[in-house]
Each structure stands twice: as C-alpha cells, then as structure tokens.
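What follows is a single structure, and I will ask about it in a moment.
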Amino acid sequence: MNMEMPSYTTQEEVMFFDTDIGGVVHNLAYLRMIETCRTKLATECLGLDLKQMANSGLFPVVLRTEVDYRSPATLGHKLSIKGKLDRVEKVRFWCAFEIYAEGIDKCLVTCRQSLAMVQMRNDGKSGKPQRLPQEWRDRWA
Amino acid sequence: MNMEMPSYTTQEEVMFFDTDIGGVVHNLAYLRMIETCRTKLATECLGLDLKQMANSGLFPVVLRTEVDYRSPATLGHKLSIKGKLDRVEKVRFWCAFEIYAEGIDKCLVTCRQSLAMVQMRNDGKSGKPQRLPQEWRDRWA
Amino acid sequence: MNMEMPSYTTQEEVMFFDTDIGGVVHNLAYLRMIETCRTKLATECLGLDLKQMANSGLFPVVLRTEVDYRSPATLGHKLSIKGKLDRVEKVRFWCAFEIYAEGIDKCLVTCRQSLAMVQMRNDGKSGKPQRLPQEWRDRWA
Amino acid sequence: MNMEMPSYTTQEEVMFFDTDIGGVVHNLAYLRMIETCRTKLATECLGLDLKQMANSGLFPVVLRTEVDYRSPATLGHKLSIKGKLDRVEKVRFWCAFEIYAEGIDKCLVTCRQSLAMVQMRNDGKSGKPQRLPQEWRDRWA
C-alpha cells in the first residue's frame, strides 16, 4: 500500500436485512457497506461534501466494480470495511476495499471500484464526466 | 370492495435478496413489492406518468404505512400483489394492498398507505402537498 | 414516555442509496434504519443475542408496522433513531421509534411495530409464536 | 455469443426505489435486477429449483462480480436484462449480462459473475463448493 494514499475504515454489524436464506450475508449487502465506506472516504479525506453535492448536482458516479467474495459472514458479525484511494487518473479515480469480521482471521471480501465526477442534469440525463481537481492529481496521481 | 375503484395486480417471484436468515421473506421486501404495485396502479389507472414526474418534480409521497404480516412466504413462491385505490380526500389518497402466494390459501400481508402529491424542490426540501386533481375527486371521492 | 422502559438510540448518516429521484430519503430506507435500532435495542437491552438466534432459529418477527412520514431528510443529514420498548403482552411486544435529523427542529418519522418470537423451521415455514420470557413480562408488562 | 449456451431475458421497469438523488438508477439496483435474471436463468435453463434449494441448503453463491456502468437509465425506463451462461469449469461457472433500455440505442450495463454451488450449513458457515453436475460440464464446458 502507498502509505500516503487517504484511507478510511467504517464499522457495521450484520443485521437481518443483510442476510439471506442461505444463512450468510447477501452479496449486495457488502456493496452497500462499501458505498458507505467510500462516501465517508470522500467526505472525510477527499474534501467532498454531501450537502454541497446535493445542491450542485456534481456527483461521484461508479463506472466499474470488481468484487471477490472469499469467505462468508453471518448475523451479528462485526465487520470492518477498510477503504483507500488507490489511483487517480485524469478523469477516473479508483478506490480499493477489504472487509474483515471480528473473530475471523482472513479477509472476507476484496473490491475495487472506479468512479468519475459527473454533473447530473435535471432531466435525468447525465452529462460528461468532469476532469478531477488538479489538487487531487498533484497529491495522489 | 367498491367495485368502481381502480385496482391493479402485480406478480413477483421471491428471490434470494427478498429472504433473510430466518428462511422467509423479509418484512421490507414486501413493502418494495407494494411500491411496485402502487406505482403501476398510479401509471396504469390514475394517469400519472413516471417520466413526466421525473421532469416536473411532482411526486407521490408516502405519508403513512400500516402493514400486517399474517403468514410467511419463502424462496420461489410466486406472489400476487393486489392493489386498489381506497379513498380520495382533498390532499391525501389511500391505497390498500393484499399479498397472496400461489399454493397458499390465505392472505399473507395486508397494507394501507396514504400519499400526497408533493412538488419537490431542487434543494432537497419538499414543498407543500398539492390539492389532488379535481377529476380524481369527482370520480373516486 | 415510561422512564423505566428500555430504550436505545442509533445514529445514521444519509447515504446515496437512502435517497431517491425526489431528492429526499426513500420511505423504505427509514424502515431499514429502524430495524437496525430495533435489533440493537433487542441485543443491548432485552438480552437477545444475534449469534444465538442464528443458531437456534428463534427469531423476532415483525407482525405489524405503523409509520408516519412527517418531514423529509436528505443526503448528508445525520439522523438519530430513538427506539424504546413500548409494551409487553403475552406473546407480542411493541416498540416505538422517533427519527430526528441534526439541524432540524422537529420529529421526521414516528413508527410503532409489534413483534413476536417465532421458532423458524428448516423447511422455510414458520412455527407458532412463542410465549415471551416471564422475565420480560415481570419487568415491563 | 455461443449460440448454444443457455440464455434468459428479464424485464424490469425502473421504480422510485431504483433511483437515487442523482436522478438516475443507483448502481446497486442493476445488480439486484441481474440477480433476478440470473436466478431465472438457473431455474428455467439450468434445472435448478428454488424450493428444492431452500430445502437442501445447496445454493449458488456469487464468487466474483465485474460490472461496468456505461450509460444511465432513469425513472420509468423499461429495461431488458439479457443473461447467459458464459463458461462452465469444474467448480465455478460464469454468467454474463447486458442491460438495455427501451428507446436507448446502446448497452447500459455489462456484467460478468462467477458462481459455485455451495452446501450451506445450519451454523451459518458455508461448506466447500461442490463439483458442478457432470451434465452441465458435458453440455456446456
């Protein structure tokens, strides 16, 4: 890991709505937890502000997700979702995530996502991705 | 039932993401299915149009939900969600729903919801509920 | 409020997946947050244990939800979900919830839910609701 | 496309709960729709039966998802989710998906997922992935 890349860890406890009839956490529930981690990473470390986004309509949009489900968690597990900024390009940036459970000695889920900042339009169409802030590229590219 | 009130039935098959570790459909999944039925009732029977809503920002907003979970369904059950307009007031309207599963001889879920048409604002605040169309009140009040 | 009834408050920050095209929190997202609060109330105050439930198949099942949506929250709002045990009967118990947002001076959502403890069966059918623990009824009925 | 590989198409209409404050379909909603398509592909074309799974505890488990979000859809769009079996190995199989919207002339979302059949255990732990049925490997490997 590049020690200077911003990182953020969120905590979640597995709830009933996270599980399915197989008795373990459903694959989509991990991606919801990863979105929470990614959003906190953006607001706490990258300077994005949720209320400002809501007003401006300039939102981070997921372009690609790669996720590997390695080992299951179940009801009541306490999960740590560890996220970091992984790479900054001209328009896209990549985040990487690892999920761990208290009492389990291995990584449960790994994930990489690329995103871009897109100016959403009122008509429900999305405009073009914007160039990332020069400051991001100076610090992390 | 008032035979002249508009009604609409949707079909759903219970998927993994609808179930939880208890082995049956999660209580929130039924409400997602009810939203689909309610939206189809609105577009097919009440003259509301989803794309027009997206453009105008005038949306039906749920004010109250009452739901009784009477008997469970599980993975693979084929469900019918039967919705109808139940009552039209000056600003609010009520819908009622019943959910049945193929091969089960009783009603699984009953639900009532009241809604209003609200003009959403760009700043994420909601304006005042609007008076319902006179035509609705003439026909169904 | 009965000061002696157990209560528990959870915190949530509104994420993208909690909102919809109307620009505010979707009605189902509040019920997911209420489930988290209710589950923490059960584990922290009522002596229920999630891992034990997963093993025994004895789960709290929602019988009825009544929820009133009074005022909207949006992206980035910090919410407090205040839950309490409201009433204990022979088989059913009721919980009550209020949701507040930082910086908004009124209650956004109120909700009541009744539940029972049900022994789930392996075939995806649910058995009969069980009588609540005598200790609950002694302390809170 | 290999013309002999089994394929299945599902239809969905974009609902409020599928959208977020950005005004378009949320990235997780497409994956829920893909799960529905994948489950129908499994039951209609691969001979898997949901009720039998619920009874036996032998479930298809997602090992990896790769998804590219190319263009957005919004409220009211009618979507086609086209799924096919893409590749059969000894233990893993791959499915591929493409999502289209009525009135939009390009592919919105592409996705590949690998899965295995895993015998779930009552204690919420998952056992080892099973070898795929010989018949699958004879026909599609």
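Per-chain residue numbering starts at 1, and chain names A, B, C and D are given in the order in which the chains are listed.
Here is the rule we use: a residue touches a chain if its C-beta (ideal position, glycine included) is under 8 Å from a C-beta of that chain, and two chains touch if they have at least 3 such contacts.
Small disclaimer: the values here were computed from a predicted structure and weren't measured.
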Worksheet, complete the sentence: Shared touch partners for chain A + chain D come out as B, C
Discussion item. Let me check something: if the centre of a chain is the mean of its CA atoms, which chain is farthest from chain C?
Written reply: D
Discussion item. Could you work out how far the Cα centre of chain A sits from that of chain B, in whole Å?
Written reply: 32
Worksheet item: chain B to chain C: how many Å between their CA centres?
Response: 22
Practice prompt. Would you kindly tell me how far, in whole Å, the mean C-alpha position of chain D lies from that of chain B?
Written response: 27
Response to the item:
chain C residues touching 2+ other chains are 16-17, 21-24, 28, 32, 35, 54, 59, 74-75, 122, 124
Worksheet, complete the sentence: Among line, ring, star, complete and other, the chain touch graph is complete
Fill in: Parts of chain D lying in touch with chain A, wherever the complex brings them together
21-24, 27-28, 31-32, 35, 54, 57, 59, 61-69, 72, 74-75, 118, 120-122, 124-126
Worksheet item: For chain C, which residues count as touching chain D in their complex?
Response: 16-17, 19-24, 26, 28, 54-55, 74-75, 122-124
Worksheet item: How about chain D: which of its residues touch chain B in the complex?
Response: 13-17, 21, 23, 32, 35-36, 39-40, 43, 49-51, 53-54, 59, 74-76, 124
